[in-house]
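Let me begin by handing over the structure; questions about it come next.
Chain IDs A, B, C, D and E follow the sequence of writing; residue 1 opens each chain.
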Amino acid sequence: MTDQKTQFYFEIKDLSVGFRTFEGIKPVLNIEGLGINRGETYGLVGESGAGKTVLALTILGLLPKPAGMILNGSILFDGVDLLKQSEKQMAEIYRGKRLAMIFQDPMSTLNPVFTVWQQIERVITRQEGLKGKACLKRSLELLDMVKLPDTMNLIDKYPHELSGGQRQRIIIAIALSCGAEFLIADEPTRNLDVTIQAGILKLIDELQRDFKMSVLFIGNNVSLVNIFCRNAGILYRGKLVEEGLSNCVVQNPLHPYTQTLISAIPRSKSEKLKFSKTIIKPEAENGCPYFSRCTIGKENCSTHVPMLREFRTESSAESLNDIQNPVQKAACFYAGGTI
Amino acid sequence: ADSPTFAVYALNSEPLTNWDPAIEFSNGIHVHNNMYEQLLRYDSIEEKIIPMLAESYTVSEDGLTWTFKLRSGVKFQNGDDFSAEDVKFSIERTMQLAAGASYIWSAVESINVVDPLTVEFKLAYKNPLDLVAATGYAAFIYSSKCVNEDNTWIDETSGCGTGPYMLRSSKWGDEVILEKFDGYWGGWQDNSIDIVVFKKVSETATRRQMIETGEAAITVELPYTDVDVLKNNPDVVVSVNPSLQNLIGMFNTQKPPLDNVKLRQALSYAFPFQAVIDTVIGGYGQQSYGMVPAGLWGWSDQLPRYEYDLEKAKALLEEAGVGSDLNLVLTYTAGNESEKSTAELYKSELAKLGVNLEIRGMPWDSQWEMALGDPAQRQDILMMYWWPDLPSPYSFLYSTFHSEDEPLFNLAYYKNPEFDQLIDGGNEMTSSDIEKAKQMFIDAQKMLLDDAASIFMYDRQDIWVTYKTIQGFKFNPAYPTVVFFHELTIQN
Amino acid sequence: MTQNSNLLRAIQPAVRELKVTFYLLNRNLLQRISMVIILLLILIAIFAPVIAPYPGHAISDTNPKDKLLPPSRQYLFGTDELGRDLFSRILYGTRISLRTALLAVGLALLIGAPLGAIAGGLGGIADEIIMRLTDIFLSFPPLLLAIAISSFLGPSLENAILAIAISWWPWYTRIIRGQAVSIRERQFVRAARAIGTPLPKIIFSHILPNTLAPVIVQASMDIGGVILTIASLSFLGLGAQPPIPEWGLLISSSRTYFLNAWWYSTFPGIAIFITVMVFNLIGDGIREVLDPRTRKF
Amino acid sequence: MTKFILRRVLLGIIVLLGVAFITFFVARVVPSNPAAKWAGPRANQEQIAKATIELGLDKPLLVQFGKYLTDLIQGNLGHSLRTRRPITQELLESLPATVELVLLSTIAAVFIGIPLGVISAKRKDKMIDHFSRLFSIGAVSLPTFWIGLILQLFFFRILDIFPMGGQLSTEIKILMDIPKITGFLMFDCLITGNFTIFFDALWHIVLPGITIALYPIGLVARMTRSAMLEILNEDYITAARSYGLKEKTVLWSYALKNSIGPTSTVVALSIGYTLVNTFLTESIFTWPGIGSYISSAVIGNDYPAIMGVTIFSAFSYVLLNLAADIIIALDPRVRT
Amino acid sequence: MNQPLIKVEALKKYFPVRSNHLFKTQKQWVKAVDGIDLEIQSGETIGLVGESGCGKTTLVNVLLRLEDSTEGSIIFDGLDITRVSQKMMRDKVRKNIQIVFQDPFWSLNPRMLVRNVIGEPLSVHQKLSGLALSEKVESLLDMVGLPKDSLYKYPHEFSGGQRQRIAIARALALEPKLVVLDEPTSSIDILSQAQILDLLQQLKEKLGLTYILISHDLSVVHYLSDRIIVMYLGKIVEQGPSEVIFNQPVHPYTQALFNAIPSLSMQNLSELQTIEGNVPSAINPPTGCRFHTRCPRVMPICSEIEPKAIYVDKDHQAACHLLKS
């Protein structure tokens, strides 16, 4: 248990990322630690603007150039610090080969002036060295894999001629083309309907099993993450405020933010939304990021930043039988006090 | 065989604007005078008539019948024989087209072929027809077989002239290339020039550089600053000659306030003659004595001149009794640097008198249109260069100051019956008593000066620059900036 | 809350935007230099009569005895064919170029902006007609229309300004219309329509103000181009008239003396070049700075 | 689709009509008497009256416009007032020289301007970007008429590397047979394999070529840079990088193709600018093209000729745009 | 039953589209709203749900006459607003129907002070200005819980939730009878969302408003609505009281929709139901029942005959061949 930190296949340590603005450097991400094992799915939840996409881009070394800055930290992947890799190494060794990403917005992720085939071909030629017929065959296989119909026809179409769902699946197909070991799925269903969403999730799940991938799944829907991922982390204003087995987090939220989040969500369809009144206090500049909205925060919350702490909880869910000691972490001085 | 010799003549604008020698009344003078010939030619330096296609001529007592004896054995470039028929045909066609400078023939009533080598002109009134026949435009003789029914020039290259050079090729608006006509009646000397290129080079700096490197054999219209430098260049020869061109500033004598003669005199005294000549044309010219330029008969240094005298100008201004802040508009031809500088110098002098001169550079046509248009909108002073159609003072004085109901070039709107009478008489007298005619023209000019109808600014000199290999160059101001290439040779 | 501080509040976002813009522009060395030069040019334009050693030479005086002298301590940039101090004339030229450029651009905006807003805001027939009109005007090669118009109006600086405005407005109409069409589809315009705001009011108080920012950027970038156009017109004899020391006119006159008086064409040329260049640099800078995606703090 | 094309063509025709109308109007109210011009310098009253009738200037303005239009449809631009020759013919004679120059500078703009813009965008705020920006902004800030003079001074007078003007050396023009097939000198030399003349022509086009090309190169470089900067921030570029594509592929294939739209618009625009710039420079380099033609026309107040050039360039501009629009419309990518 | 506030009959809205084939001139239409009948009673809240692109926004745009309808009638207050003039619309109808848009930032003119943003309807319709306007706006600000000093701020100085309040204040300024809420909370965070929904609920009770609410978030719809209307490809497939629709939906599409919502009680992916197949195009909608191409319980009749809306219960209607009345 104590040595677990070194065992992670993918691990983020003390990462902090900021953006240059007129007022100076604005930090947007500050993650003490986050680890994912091989073949495991990790769900990251946070509201819009929490820094989820920034994290994904940082891992791939694709932060927007002049503005984004990595201030500190390391991202270890299979024992190598990705942040120390040169741009060339990232492009040649990691991106597309070992690390892949499904982008958030299917509308803007495909290049509008190339056909589907032109876009897939370049990637396959580059990553697998296939040319001509072989390349076409592989492309069609990939499109079949993501269950696109009529692939021969579809491959010559331009992105705008496809529906949102089709586009999203093509992006997934490209991202998965070379059997990456680590997949980042950045809200792959955000712009989709609940019905299509379900289909796509099932697809990713299947592929993950087939390829033994590790997946960092980003979403803003706790229920979805709960269903889809083994572990879950809650991101609030760039800070990981809670982490643990997703079932545990949902059933026994420790951080007040997680608590409000989860309490608002109806447990079943027939239940209505429930709101507890929120109060808004002034921001605490050097304190807990959640201080301004926290109902239980005390004096020291506004002056000290709470670190992630481990909590041992009794397993209440039967499905967790295989794990002896589920660990849950939260960044709050008064976590677990109320539930 | 040796490669042919050639010479480039760098001109400041396009070599010609119309191939028809009956119509062309512009730059084509350069080309046409080498391709076609007149009956006579006039040497304005020696003041004598030179026979060309006509070997001699006689005038009747009454001065109304002119008989020309033609040269025999002349052939057109296309092989046609030259005869009196061609003379009659050419002149009649020119008159009938009534384009370009054809008006020079307006005294002619009829043309009769007496025999193949004799042609007779009957005039309606007395007129110096020898000078007319020697004019640089509209006096060319061309083969009667060359012109088709539509009166259009069939083909520029068909060799319709008798001149020493015939067309080899051309590019419109850019260049004309002529080559030697071997059968020319005047024969050829050794080392004569085989090919002549007339080339438009509008940039003066380019022209100067071309002559310095020998790329051009001859050029004109260089600014005096360049001329001063070129004078010290052993590779080129600079020749300075009177040009028969003068610069005048016509006062609007009809429109207030310039209908006041005192004011016109005041303005004349305010003109900085010497400064203009020194600064604008670098001393290549002299202050005019009246309208007729130096180098043309009828010019006289006995005529009075206005001298630059601001005191006098001020006094006259007061006498004239016009209000202090006087605003006047002067127009000049846009693009002409010497007119522009002259205007600016004049403006700075007038400013000292409290007169505000507004200067407007306009294309010639716009300027002219303004002068002919609504009288209230006309400019007060119109600046222009003038040069002769015929080598006669009448040509200078008639178009510019003879009373007209609808003025064309009398842009001073000058009306003086006495003056009209004097110059009309002078013209009639020209062919009989040239000395008397001269005096009459001089007297007429005195009137212009007294009335201050115009500022007679300067008589310009033409400056030719030839490359050192060119020999035999002679100038003839009666044919402004024309080079008779037949006379030249190349010495390497 | 006092009226005054209300006003401050109201202009505060604009002030911040200005501050940010200035800050960002100032960070780039090229742009910083450009800003300094523009400031200098403006100062020169204002104080030309004070700075110029021979102010008379820029107006109507001539000085033939010193014609075509090379640069010296007395005449920093040498003299022209009438002995006038080129330095003084070029300084005055700044005044003319800046003023005419501002006037021309302003006039073009005045014609182009409302037309663009109407075309984009109304759509339909009005749009069609206005846009066809701009098409017609834009079909002429840029300088050519200005040449035609100013030769029609007669040569003078005022007419050149008018000619430039007449040939320039369609650009602004285009830009504004493009903006207006997209703004017309924005929610707040729909919202205004949902309230029942009359169309003219929507066009002039909702659409036009929101289109102006990009247009003003464009206009500020155009200043360089307009200065160049005026110089070209004057060079052709269609703009400023002598003895106005307009730079293009100076170059035009200098051509005759080109080989003997290098200073005569060189200095006005450099003056045009530097002025146009700094305006272009700043314009480019502003465009970059205003685009949030290329901003760099 | 046909309907769309028909509509564009119809609109094109309306625009052309408008162009013709404006040109006609501007030329007719100009303070100059075409008849006097036609009659020649120092013409008398009768000659002018005769010319007025010959030119149809005695008819009502509308009738004149009608005639002008019918002539225009037949490709007849009227007669030059100075030379009395058909303007169409004169234009066609001086067109090739200018087209050669414009083509060359457009090629330069594309092959120098675009790479410059791309590299500049890629290395934003690096030394090379500063250099290239300075160059491209400098290039669009130089008064064309001035830089022509300066280049001539430097490369001919001081260094004597390049000839000072003209399309060919006089010797070559006089002593050799100049091929005339298409009328485009350099092209003709190439297809007839006449390399002596070709190199002479090449040598002569360098200085005017540079003078004319500077502006479009700068313009295209600037436009490409800013278009690329925008595109490089697009999600699909980040995505392409995430697939591990080579930076070269991302830049020169992925991103550049997206910037073709704005860039080609600018290239088309720069052709218009270039055409007018020839007007300011051809006379400096004694280049016998449309620029020289129109400057003599302006100096000579030859309004039909000015109108002819104006109409001609406006028409080609409209037609080019029309073609571009239709091509774009046929492109599947922009259709929705 | 009393007179409905708004009654929609056979409403259609088609958008023209350019054909995708070269030289084929046949004109095509996106049938965004294709024959809708609807009655809304005063004081109720209608939740409008359905797949994205099924025509919800288009329907309300037509109701507000921000788009002209292609066919059908809308009777509001006894007036057919598809036919009245724009002026009549402005004078009589606009002040009674208002809309709050999805994105609070884009629906507020960024260059106008909050005072003028909220005051615009008042100055247009009641010709208020100066102090009177300021006072009225202040009271509106107070009503939606914003401080008075917001008057002289610009929209960008507010957070998403506050901006949405401004938009609501503006919509309520003229005391309309009907307020359309098009995704009113989808772009704001969960905490602000709670406050906005709460505010909407309170205002409704206080002012006796009628709402039409569009949202993808079914829990939001559940929270506010009295009645739910489910749309599929331009048509209404089912409508009924909120609780009924949530608990006993009868139409297969509605069932699928509600079964695809992930909820906290789910443990496994397989619990999420999916709809097979792709969304058909709105240009050439399927014949018969529009859902038949994807319906898990499709019958032969479905592709031929279009089902009519049938009353399953009082107030509960659905259009499916499976139902027998």
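In this section, contacts are C-beta pairs under 8 Å (C-beta built on N, C-alpha and C of every residue); 3 or more make two chains touch, one makes a residue touch a chain.
If you're wondering where the values come from, they're calculated on a predicted model, not measured in any experiment.
K.L.:
Counting one step for each move to a touching chain, how far apart are chain C and chain D?
P.N.:
Minimal hop count between chain C and chain D: 1.
K.L.:
Apart from chain C, which chains are still tied to one another through touching, counting links that pass through other chains?
P.N.:
Leaving out chain C in thought, the network of contacts stays intact as one piece.
K.L.:
Give, as an integer number of Å, the spacing between the C-alpha centres of chain E and chain A.
P.N.:
Roughly 32 Å separates the two chain centres.
K.L.:
Quick check: how many Å separate the C-alpha centres of chain B and chain D?
P.N.:
38
K.L.:
Give, as an integer number of Å, the spacing between the C-alpha centres of chain B and chain A.
P.N.:
Measuring from centre to centre gives 91 Å for this pair.
K.L.:
Between chain D and chain E, what is the separation of their C-alpha centroids in Å?
P.N.:
Measuring from centre to centre gives 55 Å for this pair.
K.L.:
In chain B, which residues are in touch with two or more of the other chains?
P.N.:
203, 205, 209, 334-335, 363, 366
K.L.:
Any chance you could list the residues of chain A touching two or more other chains?
P.N.:
64, 66, 161
K.L.:
Quick check: what residues of chain C touch more than one other chain, meaning two or more?
P.N.:
151, 154, 255, 258-259, 293-294, 296
K.L.:
Show which residues of chain C lie in contact with chain B when the two form their complex.
P.N.:
60-62, 64, 67-68, 81-83, 151, 154-156, 237, 241-243, 253, 255-261
K.L.:
Considering the complex alone, what residue numbers of chain E touch chain A?
P.N.:
Interface residues on chain E, with respect to chain A: 20, 51-52, 187, 189-191, 194-195, 197-198, 216, 218-220, 222-223, 243, 246-247, 256-258, 260-269, 271-276, 278-279.
K.L.:
Flag every residue of chain A that touches chain D in the complex, lowest number first.
P.N.:
It is residues 57, 60, 62, 64-66, 87, 91-92, 94-97, 99-101, 103, 105, 108-114, 122-123, 126-127, 158, 160-161, 171, 174-175, 177 of chain A that touch chain D.
K.L.:
For the complex, give me every residue of chain C touching chain E.
P.N.:
1, 6, 9-10, 13, 186-188, 190-198, 201, 205-206, 209-210
K.L.:
Across the complex, what residues on chain D touch chain C?
P.N.:
11, 14-16, 18-19, 22-23, 26-27, 29-31, 124-125, 130, 133-134, 137-138, 140-147, 149-150, 153, 157, 222, 226, 229-230, 233, 272-273, 275-276, 279-280, 295, 298, 306, 309-310, 313-315, 317-318, 321
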